[in-house]
Every structure is written in structure tokens, then in C-alpha cells.
């Protein structure tokens, strides 16, 4: 981390570290798919010289060199980026990897956004790193205007349906209100059956419980399950086949939707697509 | 005599706990719609209680057999790599399903790989010499650790999808379909029945290969049969609900403290105690705790210290 | 005589492989900026090669000690719960760091919990009777499985973050800071030195407590000292790079096949072979494979079948 | 038991040895250490395979017997047995009855208890074997072998740790088994007892069978010197060393 | 070694027994099975603790010796030893030299080889113990005890599986140790050998010490009947049974 006095870029990253860069990064490695996606949304491409191993959106990403925090750091060091953008998990769990890179003179910045309300702050800082402040602002503006639009549609809906959001199926876990997915339900005009549920700590995924869920069978009009790394191998059939699920109103009435985790739980513009898709499928608007 | 009384108490305890367990849960059934209540009762709680009972006794019984066969207090289904094999099968199915979008049945692969492991172990210990405990154990550890490494390999290939495997491996009894539970129940009953016919032989096997043959045991046949029985018991239990490690290891020890080394007494008691123990642990995690923790975790956290207590009290 | 020659070959092999390993990698150093090249050479590759050598020999040596002390082919650092303790400490640190936003040092907690485990094991086997292998093993398994359950508990509490614990547990040698590697190197050297002074005693310990005392061994002292040495070797190795399981188990066996049961010969050979083996495996995963797989996985996948081959060839 | 013909050759240890054993006779096998006495019994009991040769039991190949038939024909008390699990004495003796599963449990129990009583071990019935003295353990295994009630009994130095009272008692028990038509083969190092109680002796030395025949006839001062390299004579069956 | 005074009471097994052992004497302990002979040696060797009483070695409490000092004072050949790892015979015997670490490796090696040769075991030097015959194993452990060269030697039925030649040889070796000023205590069931070769006998029965003293004086026909319940007499030291 450079700490020259006249640096233009100063902010605090999500590890609480004060970051100051003398000039915007020209060569960036992004180790997290959401970062990569957002950087592309701001119009970057050639500046992104490396991405994480599981990043796959937009398609241009697939041509980039991939770096893994589980590999030897020499590849990344040899690529000689100006900055590496990581996320909390990497920084906390792979301190050795991060340290090795920093020791080689490459700053590692930690950004992570799991709550809807943190989105603005996150995008702003991301934009600062690459000197795309204006593009960042535009992105946010676009985001919020579309959200408002969807929300307006949602508010107009009557009667509102009640939904359950499945975060991890096997464990009957749902999400908290302030997460992206939790917020999504409200925005598109659904009542969340789990709205009283509270998180212990900062986690956005919380347990709802099998019996609890089934006991509310009659009240669940809509059942939404996200499909992604946390909730693999699910399909409408597997959910219907779970013991007792045939009782759930949403299942009986065929209101069971599966949505890509990337479209509903991650801090990118595709979130908007997810909202629209769901709203359309559920309410036909 | 004494062991009969203990067993009677265990049976009564098991029935009582079973009835209790099926009537409690996170949701009070009297307060909700009776249709939904019925569903929860029959489709959720009943299979779960049944699963706890049969898986518990399968693990308890197979522990007795394996400790006897291998003549080693360390022995449980891990020792021979059976659990590793089952876990590998399950992880392989999960991985292939995710990577290639197919739908291999996890349970069946788990069972198949348990048998693959034991087949290799038996082959290896034959090649090495006689089918005795030292050879079988050595072969078992090697094969077991290779399959464990296989699991790690799958985990590292699966990258972020690893969560799925980790959860499977941790083992729990929630939401098992009644049909699968019934399969395990039937297998456990058959396995237990076969095992119980051969407990006198198992006692004698511990004298060693030569001594056992001298008194008329068809050593290799009995050894193989019991090994297969133990594997089958473990494989089906593990395939249903992942790895629940502590039961097969500690329950037989506990029983031996009460009724001595005679496996004819240890087996039924171990099956009962295993069932009771697992049911108890599962009921606790299901009802008392705010968030369920994997039942294998709970059995160990409860059983471990309890075992230590007994262990110390017995002095020696 | 014979064992001296084998050791010489191993040393030459180790030096040769070390020099080779440090000069190869994913990146061709001659083709890039020489400043960056130097950084990679000194800060990335050198510590890694060093770590492989010392961790390998630490695991090989502690395997010899533990198998001797416990008189059980099953014995490795898992048997006594040392690895479980270390892993638990690491997972606890990871969990606490995430949940409470603090920064507990993973390494140090891993080491501390290894000692906690062995302290409980030793206390327990004292309470139970004499400090003999049967008691120590039994205590070890129990404590080990309790801590394993603790790990599962942390995993299930950690939820999505579980992925990271899983990787820590799998163990690999990438990106270790040179200071930490040096600590492990020094500890390994000291541990090895102490162990090598007591190999004659270890041989005699295998005769059993009484026989050993008869010929003048201060049994309890030697037993404790060697146990502590083995724990220390394992704990520091594991704390640096997670769990690499197969080395401590198989390398000593392999050596015994070549030089017999005499631990005075087995120890140095085991340390050398362990180092060579781990360095080889790590170099392969680092250079040949497109994405690294955990080195522990590779050691097992390579070492396991090889061991089987030797095992069969030896016939008995 | 009609006719046993033993003939086999095992390189180095046992070289082309042929013996015929008949029922109603108490055989003793004597010879220096390492001469192959235990090996011989191990071959008869199928513990170890022979390189070549054949062992016939009642005219039938040894390999043709099932393990249970074998147990009814032959019981074997080994030179040393390791007891790993702490079985009680009674449990051990019961194991000897395994082959007699056609008999009712009560009848088996009666036989077990009689045999235990016969060997004065009643008071140790429920004691784990690990807590018995050396001689007591040997007596326990001997009781087990007797309880097996097989047609032939092999004993490999089964009484080396027993006191003189039980040594004599052992022989008396074996004698009464022999009189029931059984065959007993025992390896023994106590030459006085061997000479006094065995009907026939087979004397092995490192070249093979040195001699065999009636005890008094084959175990002489000369034999003693040839085979064991000690000088001495027998007085009233008892060995008197010079 | 000046003066050993043994006095301890262990409930049931050993009740208030006091004996004094002196160097230069070969003691034999005889008695029926389960009378506590092994227990007695185990107490002297500190294998098991005593409930009360004390054992003095050269006037010093037994507990005050370090393990190495103890090994130089006392070696002990147990009734049964399990060999788990396949050490070779030579490795086993070398272990007996552990306490003599002040001596150079070469000197130790000479002693080891001499002892092995003395017991005719040279040809088995590099053979694993697991491949030796019963008598050979016993001889190997005996060699180890001799190699320990301690001031006192305890032997618990160490020659029960040896042939008559080596039994006699054992006693000759022990005799020569005694003549070097050592003390030997051995438990033995072979009364003829005990009477012939031991200087003094301690006869135990279930009540405690029945008698002790010069061999010929205490081991008589009467003793035989009182302690062992057998009728017989000794002729030229050899037991002749009626």
C-alpha cells in the first residue's frame, strides 16, 4: 500500500484499512466475480488483466487469465498488476497469500457487499480504484431508477402474495431482510413469510426450520429457491419430492420458482434482471 | 441375567423416547391445521425417529463386529475405510451431478463404493497373507486414506460447490423419505439377525486364527461373512444420513464396561444403546436447540465426555 | 551399513530435487522483469521448498515416534487427536475472526490446541492407569473424535464460510512467509535432535512397560518426552500448512520394510524420505498441474498405491 | 479312530518324516529345542501347510475334513497362546465346546462345569484370564482342550508351568482319555514324566526321528547322551543327572 | 550387595512375608500354582506396588533407586513376555545392555556376542524373535538377562521350555554368576533340578512361607506331601513319584 501524501484516491476498505493510491489502477486483478462484473459494467476491459477462477460473466471474462488464491502466488506476482481487488473471505482466510502479494509490492484491496444498503458505498469505492468515478455514479443512478420502477410496480399489486425464499434447501435456511434477496421480495411486491427472522451476527443466511416451514404450508403462496453454490442440485422436482412439501400451497398451485443465485443474491446489475424475471413470473407484470 | 435387565430397561427407554420424540418438535401440532399437523407427524417426524433408531443400531452393531474382528479398540467403520468409501461415492455423485448436470443417485454410489473398498481390502489382505486382523487393518487404513484423499481431490475440484459435499459428509437425519428409511430398517434388521447368529464365533475368533480353527470354526468363511455384514450395516446407514462417527466406536466400549467381553451380550445391548443414543441426540438437536447442529456433532459432544467419565470411573 | 547407503542416496536426491524445484515454476524467471523474478525466487519459491523439506521430515519423524510409542500400525498424529486438535484450533481462529471481526492468529491457536489435546490425553491415560500404549490410544481416539466433532460444529456454525475451513484443513504449502517457515525448520531440527537421542529407548519401550523398566529405562519420563516431541513436530508442521496425512503414516512403514524394526535406523531414513516425498509431491502440484491440488491429496494419491505395491511385493 | 499315517517332508525343519499313530496310546514327543516338535504338531493340526507329503486321519486326507469335523477329531493345546480380550475362564472353556452345537446348552454346560471342577478351577470360573497366574492359565487352556472331547488330543508342553501336583493330575486325566479309546500326542521336556507316563515315545533330533517305541525301551542313558548331550540315567523312571 | 530385607503384606496373595537374601547364593522359590511366586518377584522388581511393607536393597529403600541404578542392581526374566515387534535376537540382547551406556559400543558388543555364543544362539543372531521356537525364545530372553550383568538376577520359570541340556547349562551359568558374588533368585517347578542346583529353597504355600533353608534339608518327602500333595521321594536329588 503506497502512502504518498499527494495521493488522489483515499478510502477505507472493508478490512478497515485506509487505502491510498497515487493514481488510478491501470492493471487490475479482480478475484471475485461480482467485482469483475461491476468493473465491466463501468466500461473496463483491457485494464482487467486477471480474474478469479469461477468468474464467468460477462463473456469477455472467459478470455482473461485466471488466478486462484489456492495456487502459488508467483503467477499473480509475475503478472505485475497495479492492484488486486479481493473480498473479505479471501483476506481473512488466506492471509498468507495476501501477505505474499503485498510483500511483492502489490496492494490488495478488500471489498465485499452482502447487504443491499451497502451497494452505493461499494460501487463508489470500486470506481475510485480504477478512476471511473463518473461511470460509477452513472451505474448507481441507473440501478436506483430501475429499482424504483420495479418497486412502484410492486406497490401497485393487490393482493400481495406471501413468499418463502429458500437460501439453502437441505438446511431449510432463508435470508435476512437486509440482504439482496430479502430486499428483492419486498421490492417486487411480496410479503416475506420469514420477515420476523433475525440474524445472529452479520450473516445474511439464517435458519427457518423444516417444521416451521411446513406448519405455514397454507400461507405460502409463492416458493422461491435460489440455485447456486450454496444451493446446488435443486430443481422443481427435487423440491416437490421433499417429504411433506406436497402440502405447501405454493407447490399445489405450481408457484415454485428457481432463480440463479447470481441474479438475486449478488451485488451486480444483474440483480435487476432477477427482480424483473421474478416479478414477471409471479405477477405477470 | 444382568444383561437381560439392562436390555429391558433400554427397550423401555427406547419406546418411551420414541413416543416422546414423535410428539415434540419446533412446532406444536395441536395449534396448527390438523391436515398439516398430520403431514408433519407422518412425513417428517415419524421417518426421522425411525431413521435415528435404525441407523443408531446399525452403527452400534457394526462397531461390535468390527472391534471383534479387528481385535482393536481403534476399530470402527473408519478404520477399514468403509466410511471413506461411502463418503467418496457420495462426493463423486455430487461432483458428477454438478459438473455434468446428470442425476446419479448419491445413496447408491455411497453403498457401491463401500463394497468396492471392502473388496479391495479383502483382496489385499489375502494377497498379503492370511485374513487376520493385522493384515486387514493395514490394508484398511491404506485404502481408507486413499479414498479420503480422493474426497479431498473432489472437494478441491468442486471449488465453491464444496459446501454441498461438506454438508453431506457431516451427516444428519433431517428430511429422509420414508421409503429410504424403510430400506435401511430392513437391511439393519437382516444384518443384525445374521450378526447375532455368529456372535459365539466372533468371541472365538478373538483367540486368533489358529485357536479358532482348532475348536471348529470355519475361520475364513465366518470372518468374511461378518465383515460383509458390518460393511452392509455401515454402508446403508451412512448412505442414508452421512457420517455419524462416534456411535460405532464408543457404544460397544460402553456396553463392554457393563457386560464384559462376551459379544453375545454386547451385540444386542450395543444395538439398543446405539439406537437410544442417536435418537436422544437427534431429538435434542431437533427440538431443544434453536438451530439444528448435525447430529453426528452432538453425539460426539455428548457421548465423548460421558465416555470419559465412565472410563475414569471404571479405573481399571 | 546398508541403511547408511540408502540415506546417502536420499540426501543426494533431496539436494538435487531441492535445487531443481527452486528453479522451476509456473513462471519462467528468465523471461520476466528481474526485480519481480528475484521476489518470486526468494520470497515465494525458496520458502516453499524449505517448508516442504522441513514439514516432510517433521511428519516422517513424528510418525516413527508415534508408531513406536503406541505400538500400533494405525498410529499417526490422527490417532492421538493431535491433528484434530490443531485443526480445531485453526478452525476456531477462523470462525472467531469472522464472527467477531478480530484477528486471532490461526497458527498459534493450532499449536496451542495440539498441546491441549495431548495434555488431556496424558492426564486421562494417567487417571486410567499406567502410561501405556493401550490407554494412551484409547484416550487419544476419544479426545480426537470430540475435537473432530468440534470442527464439524464450527463448520456448521460457519455456514457459507465453511469452504475456507475445508481448504485450511486440506493443507498446502503455498505462500508461506519465510519467518514462519524458519520457525518450523528450527523446531523440526530441535525435535529431530531430541528424538534421535532416544531411539534406543524407543526400541526398548516396545517390549512393554515392565521389560523396559527392567533394563533401566526411566519409562514414564522417556514416554512423555517422546510424546511431547512428536506432538511438537506435528503441531508446528500442521499449523504451518494444514493437514497432510499420509506422510506420517506410510513413510515409516516404508522405511521399516527396507531397514527393519530398529528405530535408530528408521528415524533418519524416515525424516529424509518424508522430506523427499513431500517436496516431490509439492513440486509436481506446483509446476505440472494447471491448478494446484492440495499437496496432501497428491501425497496420498501417489504414496498410497506405491505403498500397496511394496506391501504386496514384500509378500509377508 | 482307526489309522493315522503321517508322512511329509518340510525342507530344513522336518525332513521326510513318517509316523503312524494309533488310538488307545499316549504318545510323547521329545527332542532338543528347535528340532521341529511344535512344527510337527502344527502340521497335524493344519496350522501350517506342508511343502509335500500327506497326513491321513482315519484314512482320509486331512484337507478333506471340514473345520468342524476336524475339531471333533482333534484338539490342540499350543505352546503359547496370547489372550487379548479379558474372557473369563468359563467363557474360554465354553469355546472348546463350539463344535458340539448339536448338543443342548444344558448338556454342554454340565460338561464344561465338570471339566472345570476336575481341574480345581471352579473358584476362578468368572475371573478374567488376564488375572490368572502362569500355571492357572495353562490349566485353563488344558481344561478347554479336554472339554472339546475330540478323538485325538495334541498337547505342546502344556504343563511346563504347572506344579508337580497338576502335572501328575494332567497325566492321569490324559490316561483316562486314552483308556476311552482316544489318542494323545504330547510334546514334553520333562524326561522323567515322559518316561513314566507316556506309552510310547518319539525321539526327534536334528536329522529326523532318532528312535521311537515303548518309553522305557527307547529313553535310555544312551539316548540321553546321543540326543540331548547330557550324561545321566533313569532310576525308577526318574532322570538322575551325573 | 549386602543385605536385602523383604517384608510386605499384600492382601490375599502375599501375607506378611519376610525374607532376607544374600549374595553368593542361588535361591530357588517353589510352591504350588497361584501361591504368589510371580507376585513376589514382581514386587522385588517394582513391577507392582505393595500394599504395605518395604523392600530394602543394599540397605536402601527400593523406591530410592533410579531406573538405571535399578537395572544395574537387578535383572528379571518374566514368566511370559509378548514380543510384538519382530526384533532380531541380537537386538533383544543388546537392549539388556541399555544401562551400561558409559561403556563403549565395541565393549558392549563384545559382551553381547560372548553371551549369545555362550547360549549357542549365534546362528539365530539376525533372526526375528517371532520366528524362533518356544525354547529358543526363552533362551534369548535368558541371554538378555545375563547380558545385563546386574548384581541380582530374578528368573521366573525361565527354563520351562528349554530342553534338558540347556536346563543344566542354565544352572551352570547361574552358578558361575553366583560365584562372581551375585545373587540369583529363581522360581522353578522342576523339583529335581531345584533340589540339585539351588543352594537354598524358599517353599511357599497358600499360608505364606512353609519353610526355607538348604535345599536338601527343606525339600523332603514330607514337604512334598504337605505343600504339593503328592507322594514321592528324592533319590540322588531326583524326584521319584510313587
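First chain written, first letter: the chains are A, B, C, D and E, and each begins at residue 1.
To be clear about the criterion, contacts are C-beta pairs under 8 Å (C-beta built on N, C-alpha and C of every residue); 3 or more make two chains touch, one makes a residue touch a chain.
No experiment lies behind these values; they were computed from the predicted model shown.
Among the remaining chains, none touches chain B as well as chain D.
Using the mean of the Cα atoms as each chain's centre, the chain most removed from chain B is E. Once the centre of each chain is set as its mean CA position, chain C and chain E turn out to be 44 Å apart.
Chain A and chain E, compared by their mean Cα positions, are separated by 80 Å. Note: centroid distance chain C to chain D, computed from Cα atoms, is 50 Å.
Rounded to whole angstrom, the centroid-to-centroid distance between chain B and chain C, based on C-alpha atoms, equals 30 Å.
Chain contacts: chain D has residues 82 touching two or more partner chains.
Multi-chain contact residues of chain C (touching two or more other chains) are listed as 160, 163, 167. Looking at chain A, one finds that residues 53, 70, 230 touch two or more other chains. Counting only pairs that meet the touch rule, the chains in contact are A-B, A-C, B-C, B-D, C-E, D-E. Interface residues of chain E facing chain D in the complex, by the touch rule stated above, are 31-34, 38, 79-80, 82, 132-136, 139, 156-157, 160-168, 189-192, 196, 224, 228-230, 235-241.
Residues 45-47, 66-72, 74-76, 78, 81-88, 91, 95-96, 98-99, 144, 148 of chain E are the ones touching chain C in the complex. Chain A meets chain B in the complex at residues 53-54, 70, 170-172, 207, 209-212, 214-215, 217-218, 229-230, 232-233, 241-244, 247.
Residues of chain C that touch chain E in their complex: 71, 200-201, 203-204, 206-208, 210-211, 213-219, 260-262. Per the touch definition, chain A reaches chain C in the complex via residues 53, 68, 70-75, 77-78, 80, 89, 92-97, 99-100, 103-105, 168, 173, 201-203, 205, 230.
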